[in-house]
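Presented below is the structure to which this report refers.
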C-alpha cells in the first residue's frame, strides 16, 4: 500500500487555511460558488467545534488578491494570522512555520486557494518535513478541472491523504455519543439535505 | 413575437411559493443542494424586501412530504398559508385561489418543488385565467434535466416568462438609487462572488 | 401563447406505446438504462392505474428490432396490439389508426423508441389530425442529445406538449384524496427517493 | 402551433451540402469527429439512396478552408457543384440559387459547416423564399454548444424543422416494405448498434 | 414562423456593449474566461471593422462593479459612453436611449454582463420599441446555465434573434470579396483553429 | 506494482453493507437514484446467490438517518445486524468486528453510504488489520464527485481494490458452467441491456 | 516510481482481443458507438500492420452475447480463436493461455468488452504471471464511467500501463521513416481530423 | 510516498516544447482552443521570464502536421530547434538529446501535442534516464478525455509530476518580492480573472 491509513485524531491535528481571500476567490471555477463558500465555512466551523489549533495566512492582502474573507477572521480572532510579505509557499515563511510547530501537532489539515499552489506547495513541504497531511479537497479551489486533477495527483503521489470536510469531521468525532447535538448542528448548518432530514424527523416525532 | 415582454412591477406582482417541503426537497436533483437552498431563500428575501404579497402552500405536510422548510415560515409569519388537503394543482384549491385574488395583483412570480407539477400546473392555470406568469427557474427544482426541460418548454410555450431570482430582483428594483444598500445587502447575502467584490471594494476604499 | 394549456383528463386520454422492443432499446443512449426501464414501466403502470385505453405497437418484431419488452405485453394482455408490417409512422397503419379512433379519446399520451421517429412521426400526424398530443419525454429514448433535442423542438413547435411520466400521473390524478394509497404505491415503486421518504415516515410514525 | 408539420416527401425534397471542407472541419467542436464524419456520410448515402437531387457548394476551396471532403465528391460526381467565389450565404450565389430552382423541389434538406453561418443563412433565406426547410442538425457542426444552440433557436424560430439524418431517412422511406434490404444496409453502415443487432440476428437465425 | 428572418445590414446596425466591467466579470461562470474574453473582444473588433456605431454603458463603475474593461475603452475612444447613475435597464437611461436613437439604426446588436439583466432588459425594451434585436450570446455571460437558458428563452420568445459574434461578422460581411484580408485577420485573431489553418496554408503555399 | 492482484474467492469473501438507510440515501447525489437502488440490490442479490456471509450495520436508525432499506432486511433475515449506538467507523464497534471475524473470511467486500465515511473508514481499518478489501464503488454513494474522488483515492492509495458489483459477481463465479441460469437471471434482473439481449435471444431461438 | 516505463516493442508484443461480441457491445455505454467501433478497428488494423501475433476469444457466442463482430474475424482469419466454453477470465482457459505462450511474446496489449471483467481479469492474471501488460483503454468499453474508473484504477494499481490505440501505434512504430505511407494511411483511416489534414495538404501541394 | 516532492528550481529547470504544430493542433479536442492557445503561450512566456533554457522540436513540419506555431518561433529565436526527421519519441533523436544535455539541467518541464505520444514518450524516457520530469498538463493536448487520462496515469505511475503552467510559474518564482511587476504582468496577460482583479484594484486605488 503506497499511502497507509493514518487516522485523524483531534488531539494531533491542526488546520491551515491558506489564502481564502476575496480577490483570489474569483479565480476559483472548479466548484460552484455557493457550494464552495459553504464548504470553506464548514471546515472553519469544524475546526472551531473540535478546538483544533488553526492558522490563517494570506498573500498580499493589500493588493488585488484582496483581504481574507471576513467570516474566517471573525471565527478565529485569536488564531495566528500570517500575512505573508511575498512567499508563495506558506511553508517558506518563518512565522508560518513557527506557528505550525508551535501547535505541537503532527497532523495537518490543509485547504486553500488555489489548490495547485497555495494548498499543494505547503502540503508537499509538510510531508517532506515529516508531517501527516490531509488535504480538504472540497474546501480548496482552483481554475478548472485540469489544474485540480494535476494538483490532486501530485499531492496524492507524494503521500497526502485526500479528504473532504465531512470526512474530516466524522473521522475526528469518532463516536456520535461524544456529542450528538453539536455534530448534528454542524451538519444541519452545512448540509441542506441533512437539515431537511432533521426537520422532517423533528416534526414527525414532535408529539411522540 | 410569441410572448411579448411584460415587465415586472413591484406594485403589480405577488409571489407564490409552492411545496418547498423538507421531504419533497430530497426529490430535487437537477440543481445542487447548496445552490438551491440559497436560491429559494434569495427569492423569499426579495419578496420580503420588495414587500410583495406572498402566498405559501404545501401538500400533505403531515405525511412523507414533510413540513414547509422552517426558514420560509419564519420569513412570512403573516402570509396566507394554505396546507392543501389533496389538490395537486394549487390553483384547484379554493383557498389558494382566493388568496391569490385577494392580493389584487395580476403578475404572479411562481417557484416550487417539483417544477413540472407544483410549479407548472398553477403557472399554466394562472395564464389561462389571464394572469401574467413569471417562473423562477432557479428556485424551482425537480428530478433531473429531462423533467426540467419538459416543464420549461411546456410553460414557455403557453406564455410563461422564464426568469431567475436575480433577474426578478433587478426588474423589480428598476434603479439602484431607489436603495443601494438594501439591494446590495440582498445580493451580498446570496451571491458569494458579489460579496467578495463588496468586501474587496470596502477594504480597498476604507481609508480613502 | 403559441401552445395553450390543455389539461390531461383521465376520461379523455389514451396511451400509445410505440416500439419499445428489446432490439431497438439497444439504440437508446440519451438516457441511462436503469432510469429508462423504470420510466417506461412507470408510464405503463400509470396507464393501468388510471385505466386509460392503451395501444401497443411494434415494428418488425420478428427481425433484428426484437420483440416487445415482455413486461409491457404482460401488463396489457387485452390491449390492441398492432405489429406493423412495415409502416414506420404508426399513424400510417390503418389498424393502429382504427385502434386510436376506437378509444374515442382526443388526448394522446405518446412514448416510444426512437424519439425522433417512432414518437415524433405519430405525434405530428396526430396533431395534424386534430388530437391533443402529450409526449412523455422520459419514457422515450433515442441515440443521443442532438437527436433528442431536434425531436423535442420539432414536436414542441408543432404544438405537442412535452411532459414526463410523473407530470402525467399528477395531472391525471388531480387530487390525492381520490386515492392516496394507490398513487402513493405507484410513486414508491418508481421513485426511489419517494420510497425512502415513505419508509422513513412509516417507521417514524409506526408507534404513534 | 407555430411550425405546422410538413412531411418530407422523396419526390419533393432536395439536399444541400454546404461547405463540408477539410479545413473548415477543424473548426467543428460541438460534435465528436468520428460521429460527425459518420453523420455527414450517412446523409450523403441517404441522398443517394433516395435519389434526391443534391447540390454541393464550397467557399474558397483553394484557400485555408480546404477542398470539399473527397468522399462527397466521389458520391455525387454529377451533382451541381458550386465553388462560390465569395458569397458567405450560398443563397446569394446565383448559380447556387439556379441549381436549387432547377431541382423543382420545394423541400430543402440542409446540412453544413458551420451551423450558424453556412447552414443558417441559406436556411433562413430559403424559408423567406417560400421553401420548406429541414435542417439536419447532426450533419452540421460548429464551434461549441453556445453557437449551436443560438443557430438552432434562430432557425427554429423562423420556421425551420430540426431533424437528424436518421429521422430524415425514416420519413422519406415511409414503409420498410418499399425496400427492407436497402434501408437496412444504410442503417447497418452508419449505426454500429444497429449493425450489431443485425449481426446477432443473422447468426442466431442462420440455420433456422 | 414566430420570428421571421431579419438580416443584419452593416448600414442598419449598431452595437450596444452593456456592463462589461472588471468586477461584474467575476460573476460570469457559464462560459470559460479565456473564451469569454476572446468573444467580447472579437465582437468589439468586428464593430470597429464594420464601422458600426457602438455605444458603451456601465453601471456604478466607481463601486464594486468596477470599471469598464480597459480594452473596450481603448477600442472606442469616441463612442458614446454612458455611465448610468442607477438605472438597471440601460433603456431606462435617457442618455443611453438618445445615443441609440442618434445612430439612426434600427438593428441593435447587444451583448453584456449579466445576460438575464444587462442584456435581456434592454433587448426586451428595444423590441417593444420596434427595433430589430440581435443578441450576441457568446459575448454575454451570467452565473450559470440555468440563468442563461432562462434569459435566452425569454428573449427568443419575445422575438430577439440569438446569434454569436462569428455569425454576426459573417452576416454583416456578406461576401468575402468585399475584403478578404480584413475579415481573415479578424478571424485569425479570434479563432485559434482558423489561425492554424491560415498558418498551415501560408507555409505550404509559400514557394508556390 | 503498488497493489498486487488479489482474486476474489467465494469461499474467502464476506460482504459488509454499511448504513444503506432511508434517510442517509437522500444525501447520495453522485449517482442517479434508479441506478443506485439497482446497484445496491444487485450486490445484495449476488451476496445471496454466492452464499457469502453478509453483515448489515446501521447508524442511529431511530433518528433522522432512518431505518435500513427494507429490501436489505428482507433479503438477509438471519444476517448479523449491528445497529451501532454511535461509532461512525463500523470497525470501532465490537459487535461488528466480532461478526466480521466470526465469518472466518479474509476478503471483505464493502459498500455503503456515504462513501468517504461509512465505506472508507471500515475499509481503511480492515486493510490495516490485514484483510483484503474490495470496495464496491457503484453500490456506494456520496454527496458529489469531489467527495467520491477523494474517497476512492484515499482507499486505493491504502491498498483497497476498487470494483463494481458486476465485476465482483464475475470474479466470484469464475466459470459460467458453474450455473448458467442462476448467473444469467442475476444479470437479467439488474442489467436492462442484458435482459434485452436474453429476451431477443429467447424469442429468436424459440422455435429452433 | 510505482510502474516503471516499459516500452512497447513490435518484436515483443502480442494483441489479445477479448469478447468484442455483437450482443455484449450493447452493454458499452462509457464511449460513443461510432468512436468505439472506430477504436476497436483501429487497434485491429495496427495489430495487422505491425504483424503482431493476435489472439481472438469470445464468451458463449452461441447465446445472447452474440458472435464476434465479423470485421475482426475477417481481419484475422488465421489467428488463434478461442471460443471459451465458460471461463469468464480468459486466462483461466487453457487453450487461450497456450495460445498466449505460443506467441513467445512477453508484452501483452489487451482490449475487450467489458473493461472491468473481460479486460481486467486477464490483464491482472497476466501481470501476476510476469507479463508486461498494456491496456488499450479506448478500445475497451463498459457500462459507465464508474465501472470504467474502478477497472482502470485496479489495473493501474497492479502495474498495467494504460494506453490508447494511437499511443500503441506510435510506440510500436518508433520512427516515421520506417514507413511513412503505411502509418499515414492507418491514421487517415481512423482519425477524421488527420484525414482532413492530409487531404488539405495533398490538395495544396498538388501542383507544387 | 510513491513520488516524493521534487521542487522546481529556476537554476535547475529546462523547458521542452514538443510538436505544437499548426496541423497537429487540430487534433486537440480535450481542451477548448482559446484556453489551450493561452496556456501554451503562458508556458512559453514563463520560460522566457525565468530565462529557462528552452528547446523546440517538431515532427515532419513540411507535411500535414504543419509548421511550428509562429508565436513560439518568435519568442525563442535562438533556442535549439530540432525538426525531427522521423523519430516519434523526441528522446530518440540525438540532436534533441544533445540539446537537453547541453542545458546542464536535471529538471525537465515538458508540454506538447499530443499528450500520450509527443509528451508521454520523452517524459517516460527522461525519467528512465534519471531526470526529474514535470508535465505541464494544461499546455498539452490530445484527442479526448480517455486518451488524456491514460497518458496522465502512465506518466504519473512512472514518477512524473503533473503540474500546470500557473503552478510551474509559482514554484519557480518562490517569492513575489523577487519581482512583483513581472510576475503580475505575466498573470494579467494570461488569466482574465486576474487581469480584472488588477484593473479593479488599480482603478480603485488610483487616487489613493
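To keep things simple, chains are lettered A, B, C, D, E, F, G and H as they appear, and every chain counts its residues starting from 1.
Everything below uses one rule, namely that a residue touches a chain if its C-beta (ideal position, glycine included) is under 8 Å from a C-beta of that chain, and two chains touch if they have at least 3 such contacts.
Please read these numbers as outputs of a predicted model, since none were measured by experiment.
The fewest steps needed to get from chain A to chain D, moving only between touching chains, is 2.
Counted as hops between touching chains, the shortest connection from chain C to chain G is 1.
Among the other chains, F has the CA centre that is most remote from the centre of chain E. Interface residue usage between chain E and chain H, two copies of one sequence, is largely shared: over half of the residue numbers at the contact are used by both copies.
If you lay the C-alpha trace of chain G over that of chain H, the rotation comes to 90 degrees, to the nearest 5.
Our note on geometry: chain C versus chain D, Cα centroid distance of 31 Å, whole angstroms. Computed centre separation for the pair chain A/chain E is 41 angstrom, with centres defined by C-alpha atoms.
Each chain gets a centre from the mean of its Cα atoms; for chain F and chain H, those two points are 43 Å apart. In chain C, the positions touching at least two other chains are 2-3, 23, 26, 29, 32-33, 35, 66, 144, 191, 193, 196-197, 200-201, 204. Two chains count as a pair here when they touch; such pairs are A-B, A-C, A-E, A-F, A-H, B-C, B-E, B-F, B-H, C-D, C-F, C-G, D-E, D-F, D-G, D-H, E-G, E-H, F-G, G-H. Across the complex, chain D meets chain E through its residues 2-3, 23, 26-27, 29, 59-60, 63-66, 85-89, 92, 114, 116-117, 120-121, 124-125, 127-128, 143-144, 146-147, 149-151, 153-154, 157-159. For chain F in complex with chain D, the residues that touch the partner chain are 200-201, 204-205, 207-208. Looking at the complex, you find that chain F touches chain G at residues 1-5, 7, 31, 35, 137-138, 152, 156, 161-164, 166-167, 170-171, 173-178, 191, 193-194, 196-198, 200-201.
Contact residues on chain B toward chain F in their complex (touch as defined above): 26, 29, 32-33, 144. Contact residues on chain E toward chain H in their complex (touch as defined above): 22-23, 25-26, 32-38, 66-67, 69-70, 191-193, 195-197, 199-200, 203-204.
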